[in-house]
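As written, the chains take the letters A, B and C, and residue 1 is the first residue of each chain.
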Amino acid sequence: MMPGRLKTILLRISQSIPVLIGVVIVSFVLTRALPGDPAVYFAGAAADENSIAEVRAQLGLDKSLPEQFLVYVSDLMRGNLGQSLSTGQPVTQDLAQRLPASLELTLIALILSCSIAIPLGILAATRPGSWIDHLCRVLVTAGVSMPTFFTGIVLIYIFYYLLGIAPSPLGRLDFIYIEPDRVTGFYLIDAAIAGDLETWWGAAKQLILPSITLALFTLAPLARMTRASMLSALSSDFIRTARSAGLTEGSIRYTYAFRNALLPVITTLGMVFSFTLGANVLVEKVFAWPGIGSYAVEALVVSDYAAVQGFVLAMALLFVGLNLIIDLTYTAIDPRIGFASR
Amino acid sequence: MTDFISSTANPTEPDVLVERTSGGFFDHLIYVLRGNPITLIAFGMFAILVIAAIFGPLLAPYDPAVSNVSIALQAPSWQHWFGTDNLGRDVFSRVLIATRLDLLISVAAVALSFVIGSMLGAIAGYWGGWLDSILNRLFDTIMAFPLFVLAMGIVAALGNTVENIVYATAVINIPFYARLVRAEVNIRRDAGFALAAKLAGNSDIRVLAFHIYPNALPPMMVQVSLNLGWAILNAAGLSFIGLGVRPPTAEWGIMVAEGANFIVSGEWWLAVFPGLALMFAVFTFNLLGDGLRDLVDPRRRT
Amino acid sequence: MTFKSSRRDFLKAGTATMLSASMLPFLKSLPASAAGNDVIVAVTGQTINSLDIHRTGTNRPSYQVAVNVYDRLVSFGTKTLPDGGLSYDYSVIVPEAAESWEFADDNMSIVFKLRPGGKFHDGSPITAQDVKWSFDRAVSVGGFPTVQMKAGALEKPEQFEVIDDLTFKVHLLRPSKLTLPDLAVPVPMIINSKVALEHATDEDPWAMEYLHKTPAGSGAFKVVAWKQGEQLVYERNDDWTSGPVPAVKRVVLREVPSPATRRALLERGDVQMSFNMPNKDAKELSDADGITINTTPIENAIYCLCPNLNFEPFKDKRVRQAVAFAIPYADVFQTAAYGRGAPMWGGENSVPTDIAWPQKFPYQTDLDKAKALLEEAGYGAGFKVPLSISLSQADWMEPTALLIQENLAKIGIEAEIEKIPGANWRTAALVEKRLPLHLDTFGGWLNYPCYYFFWAYLEGHLFNSSNYRNEEIETLTAETLNMPVEDPEYAPKIKRMIEIVWDEVPRIALWQPALNVGTRSIEGYEYWFHRQLDIRGLKKV
């Protein structure tokens, strides 16, 4: 069994290489297709033609596109994502600084979301058509129906501006706290490692509103998928067989039905994770969260090629890794899906 | 792990599409609606949306594009039900007029991704082999992108017009459909009923289209219902970044995005009403999707 | 059970990325201590992207670091505005790192005496060598600093001479009234060349890498923490030698992109200052308890509508005048600027009576006149033209464009609004100059009309996005640019220039914008032409 599994994992990893190559090419083409001339932009307010030309040469943008691509790829091979023009730092450093902020927010939001959505979905599926089912539906649907930036602003308005119970929406930590020593970049973890309860609580407080905003938005896909697949599972033959075999309802529901319903839920979770990490840029903007999404948007707006490419590549790596795990869980859960056919 | 495998690897799982009997559909419709009043409400809400989309321009009390600075930023009143915006335009008229455009964007984008995604996914799942590998890598590549940023990039590169917003939204959704269909088709392509249909002399395409593919519809419907909402929200997000449709065109997303800056200063109606309209539409689509699922799900019909 | 195990995998994935991220070099993080009485927290919507104004790609908000952390040889004085607020005083040049200066008799050189005892943050003395190295750097690195130095006729390193440790001489290419003021703008800051040279390499002789993140100055404040996209923390330089030591110990500048959040923070009293507030918030908060709003019209700046002369109908000045008569000025000013700033329309005379700049253009909303002018020009049937606005300035450009669009439609001109992303805006509007009709915001740092004309009305110059050319303007601008203001010929020439551009309107003035700064329990805020936050004079009350 083990060598076979190892082989499938290796196969699966080798399959993600074309994806990464695709991402590299597409992101290169996409950035070059953006309107706007970074040389002009970064040459500054009062630059004349000479200084624009100088900047263009500095950026290597005076070379032909294929040449630029070769330079980019050879830099990539050496692990160099290039230098962001707007921050003036290596892109890797920018990402390392900002990724944990986004990941922390997204993970907290998803944990929150899962802990509400999955029980809700199961509850709804076990009593289809009841008022609980309808209520769940209405609740989660209402959550996903609001644009995140709108929810965020409304939450700030109510809980910070009107009621004054939320901390000021000033990013990851109010300025009165001391930033924990960087170990992982996740403030909650770093503060816990440092044993600094006060800072931990400070960071947690800042996380509450943005993660609720994101969680509200991600409730629906998870709850709906849980409900849908639970329903399918509960109405399938093997459950009927199990019932007729006299197994208790609880064990049927949670051991057999839920386990079988898990496959689509995990797919959805993966999708939601990737979607959220990419989409929480809007939330980051509202809460002044120094994450990776706002970084990407700013880079995109000013045509900061290296930063956009670096961001896309980092997200792609993350996504590919995540996908790999999902696929492997697939095989564990539903052996009908094999890799042989791929 | 073993008990688990033996319980699910049961090859006799009945993925059988029940033959449609004449008249059964409407009976079933009534049956479903009776059992699920929310779906009935959703149909009603959908009707309101469609009416607003078709007759909006006739119903609007004011011209949505005409400004009147002397009445800027007025709170809701009998003259202006939803108040006026910073240019003195009637928010109610703008919200109403925007229905058509927003429905158009979401439906067009979802239809496009549904059709393309289904075809590609079915091909990949049914025939497998190198075609499957290539398509899979393609979907993976798109999905590996942070989707919202990809949509932003596409719109930024192509220019911010309605069509480009539709294309961008469609592109980022294609893999979702394709993978779903692929997974469903892949599981069922060697199932008994598919083989039987094939042995009965049906061509591959026929088996795929009429016997296997319909099994993918229930999960697809859930996806569609979510996607119609996502499509509108996606457009709204693009507007928030500034990549929305051109002013002075009324569009919910832009109105919420622009109105959001007025909430703290007390002019809540600018964002709240288009926000509610947006919510109403997404809500409708989602409830409807659920209802449709019950309707098309063969298991509920037995 | 399966769910749990899958979640564990999920978390493992997270851990893997965390580990790889933490293997990268540690980021410098310094604690910001608790807020106290000598700490000011300010918010701004913009990002500071470098601590070095000379670097390529350094954005405008970053210029404040040059102001607060570095010294220049000279600075401008301070004056009290009619509304009681403070502003820099363009007419007075005061010593900063230099103690005194003297022009040569032929006006072809200036000798500066540095303050004895002047010290950098590291305690080393400020010497003429440091000044020369810094100026050499500014004229050599290209891009914005080099262009700005050039505006003051400072173009080559050979112009800068070290006489002795405390004596520095600038040789001028031509006598110009712009030179001395140009030495007081943020660009010619004095860098600690000893520190910089330690970090310079063969590829990077000007230590761009090092100074980008680590200022080496002598200014009133030091940067103790900078986290891009989050905050910048200034701490007082207790040994400042170029001026009185500031009253506040620390200034924390937080970046908050959402204007609504910034407003809420100021209203709730969680921050003491909101820099560069939207006009609407400034208007509405001006009556709020405990909040002071400083609104200062920005000198030498006008928000304009620019008809491009490359676009056929706009070649005819009557069409441009028709557009100028079609704009609903008052509505635009109220809606887009909320009345903050100064109107630039409705001037009484078609010939200027003084050389004030900017001053009201002789146009007002008069649709009949606009129609008549269009008829006369042969465009009675109207035409179509895209009206371009910048995405990054949509807050005022969009309402302005919408109102203009509506009125243009009334005289038969169909304008379609086109939003252009920030990065493309400069290229399209200023470099390629290809936008047929667009909004523009140019303002000159050096407060002379001739300086504005130099950038905005001379053919081929960057901010002349209308592709305007007029022989007389070309000659007059060249003549007046370096001429002292006291010269008897100066005023008549400037008046003539203003008269021409009023008549030909290649740039249709809308209003003079204002800079809004909201403060709470703070005094000493001072407006500067560079529109950046100068924290040196701030006091908590």
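Criterion: a contact is a pair of C-beta atoms (placed from the backbone, for glycine too) under 8 Å apart; a residue touches a chain by one contact, two chains touch by 3 or more.
These numbers were taken from a predicted model, which means no experiment stands behind them.
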Q | Chain at maximum distance from chain B, centres defined as averaged CA atoms | A | C
(Q) Suppose every chain is reduced to the average of its Cα atoms; which one is closest to the average of all protein Cα atoms? (A) A
Q) Can you give the whole-Å distance between the Cα centres of chain B and chain C? A) 45
Q: Please report how many Å separate the Cα centroid of chain A from that of chain C, as a whole number.
A: 37
(Q) Measuring centre to centre with CA averages, how many angstrom lie between chain A and chain B? (A) 21
Q: For chain B, write out the residues touching at least two other chains, lowest number first.
A: 4, 156, 260, 263-264
Q.
If a residue has to touch 2 or more other chains to count, which residues of chain A qualify?
A. 34-35, 153, 157, 161, 259, 285, 301, 332
Q. In chain C, which residues are in touch with two or more of the other chains?
A. 2, 258, 260-261, 264, 267, 391-392, 421
(Q) Which residues of chain B touch chain C once you look at their complex with the stated criterion? (A) 4, 65-67, 69, 72, 86-87, 156, 160, 242-243, 246-248, 260-261, 263-265
Q. Which part of chain A faces chain B closely enough to touch in the complex?
A. 15-16, 18-20, 22-23, 26-27, 30-31, 33-35, 129, 134, 137-138, 141-142, 144-150, 153-154, 157, 161, 220-221, 224-225, 228, 232, 235-238, 242, 256, 259-260, 264, 267, 271, 274-275, 277-279, 281-282, 285, 293, 296-297, 300-301, 308, 311-312, 315-316, 319-320, 323, 332, 334-337, 341-342
(Q) For a test of understanding, state which residues of chain C touch chain B in their complex under the given definition. (A) 2, 258-261, 263-264, 267, 278, 280-281, 284, 328, 331, 334-335, 391-392, 394, 398-399, 401-403, 405-406, 416-419, 421
**Q.** Interfacial residue positions of chain B with respect to chain A in the complex
**A.** 1, 4-5, 7-10, 12-14, 35-38, 128, 132-133, 136-138, 140-141, 143-150, 152-154, 156-157, 159, 176, 179, 183, 186-187, 218-219, 222, 226, 229, 233, 236-237, 240-241, 253, 256-257, 260, 263-264, 271, 275, 278-283, 286-287, 290, 293, 299
Q.
If we count contacts the way the header does, which residues on chain C are in touch with chain A in the complex?
A. 1-3, 6-7, 9-10, 12-14, 16-19, 21-22, 24-27, 29, 31-35, 41, 47, 49-50, 55-60, 142-144, 146-148, 151, 212-213, 227-231, 252, 254-258, 260-261, 264-265, 267-268, 270-271, 391-392, 420-428, 430-431, 455, 462
